[in-house]
């Protein structure tokens, strides 16, 4: 099933064109890896999907992004961001307890019952593979966790809201290899229920985790294909060069 | 060629002197007031009403009047000031309107205090017919301390890291929810600091209350906001210049109480600011 | 429901944001309302340049030149004292003071800023005024000089803290570049940092002077309140601010005297507006 349809997407910040004529589909229940050198537009692309790009006053967009056939600009923005969650590059716990962090989004959407909140928090933490490590200390400050744990907390926080899509913006860039492995394991398990889009600078990670991979260069979509195809026999020479590390 | 190191030594000496010329007199002023004012401070002084034409007795109604005025000022200035700070920090864009707002705040901060008194007289006392009252005085003081509240609150709000806002919004919270649940709670120490500094300012100002609320002598405590009131700064002025033969102890004692009140508030504000910086979790 | 509440709150926020503009305009309007009424009776030129201020004589003479000169004299005197000392202190604190003492010094300066003006006026009355009287062998120590000295103390914290900020924000590599070329610390300060911070320091001075012009209570208590054209700094004077404070109590609401005091208020408002806007421009020029 097609989750996202993107038609002729152009994004400008003031006079700078960040994305040029992007056309693509993202399939449901898959992991799409987004690779490319810095300034290729991959983060802009990601943030356009959940309309975080709107926060920038210079942002302009033409073309369309459709979530299950609905234009994302027509959907209520708070509802959209409930459906499309985001995990950021650095672990960013809110200055709250572990429990309150995970429960934050749920509370903001109006849930007040303690029982319901506790259930959702527990479920989210389990899905993020963090439950065992924190179940006895949910009232402690989130800052007491290690970097890897904080990042999984951020994943749990996003899951608690009940999204359909989760966007990952270089989520392991600040993490050690063990924590990275744990996050990647969580991502692979998550695709059973969710659609994941992963922006990463780590080409090997993209290869490990993604079902499909898309390569951006200078704001243009160069190639999108099944991951093993991209990494063994890419059609475009630029893709090949990037994957081999000839630039980037 | 003149030795540049010698020039430096001379220059640094004068700079040090300049610093002394500021810092030493401050210490002296505080010491004099403590030394000559402290003897006057006893329970009777603080709880009795003025007697013998204010040459003896106490300053209780004066203290009470100041407290009423200060509370009144903050009731007016804090809500408006805080909301204005939220506007500047969270909603304003980089345009001409914002520039004008900031300029207006700078101007309000620079208006001479006696002009505030005139304004309070013309608007509250005469035009709105509130009369010379705690209401007029509080409103006048409130507008006067508005710039302080806005500026310090805005700094407190802006010091909350932007990433928190992004995270909150990405979870589907609305802008106001983000402000109410994430930004504001983490800015409270800074806002508190600014509020207390504003209170200190309001407590010490004389000119704005001269024609809007200050009473020379009131036999009983004010009972409503439409009453006049006595206040510490005005009282000090009066017993220093208008009333002859006041015991030096009484004058210094009044100065001491006023100074102690203002400095105490500043101290509390500084302590809050310091503890908050140490405790910051991010 | 939540949407509605949020809508109301966000409107309130916007209104509050506009509040400061509203109040500035309001203040100006009310001053104009009363003050301009004076100019139906008397000509503005005669008001501004008239040499006699006898508001309670019949007919009242409402020339504020003596008051303007009084304010000017006291302000210039305060400036002459506070600018070198204030800027000097700022340089010392920013560049030379050892780190541990820095905080104490800054606290000391902030302490001075916090002292209410009526307290400083009181202290000036009991210490400075008799001192001036003895030192200069005058009939009274209530003079412009005493006022200048006291006002200098009130201006200095403003000058020190803003100038110190200005020096602090000079990029470190300016200073390091000069030192690397063999300059002494003082040479680096004098030739590189001060010019770089000059617009900020200028703003500091202007804001300090602005504070002096607007000061009321301290001058009322120590400059003598003689509303005549001063002939020297050792004579008693009356400032614009003190005039309003001292005479408003006696002026009948709506009388010429009353209107004249408001007209003085307009003059003060315009002056402080001009100073603040200019100082703000200087502060933002750096950006």
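The letters A, B and C name the chains in turn, as written, and every chain counts its residues from 1.
Heads up, the rule we're going with is that a contact is a pair of C-beta atoms (placed from the backbone, for glycine too) under 8 Å apart; a residue touches a chain by one contact, two chains touch by 3 or more.
From a predicted model like this one, the values you see are computed outputs, not experimental measurements.
Among the chain pairings, B-C comes first (most C-beta pairs in contact). With centres taken as mean CA coordinates, the chain nearest to the overall protein centre is B. The greatest centre-to-centre gap from chain C, using C-alpha centroids, is found for A. One simple way to say how far apart two chains are is to compare their mean CA positions; for chain A and chain C this gives 56 Å. Chain B and chain C have centres, each the mean of its CA atoms, that are 17 Å apart. Chain A and chain B have centres, each the mean of its CA atoms, that are 49 Å apart. Residue positions 174, 177 of chain B each touch two or more of the other chains.
Multi-chain contact residues of chain A (touching two or more other chains): none found.
On chain B, the positions that touch chain A within their shared complex are 93-94, 163-164, 166-174, 177, 181-182, 186, 281-282. Across the complex, chain C meets chain B through its residues 6, 9-10, 12-21, 23-24, 26-27, 30-31, 33-34, 84-86, 88-89, 91-93, 96-97, 105, 108-112, 114-123, 125, 127, 153, 156-157, 160, 183-187, 190, 207, 210-211, 213-217, 220-221, 241, 244-245, 248-249, 253, 261-262, 265, 268-269, 272-273, 275-277, 279-280. Of all residues in chain B, only 4-5, 7-8, 11-12, 14-19, 21-23, 25-27, 29-30, 32-33, 79-84, 86-88, 91-92, 100-101, 103-119, 121-123, 126-127, 143, 146-147, 150, 174-177, 200, 203-207, 210-211, 233-234, 236-237, 240-241, 251, 255, 258-259, 262-263, 266 touch chain C in the complex they form.
Of all residues in chain A, only 50, 52, 55, 57, 78-82, 85-86, 88, 90, 92, 94-95, 104-105, 108-109, 141, 143, 154, 157-158, 161 touch chain B in the complex they form.
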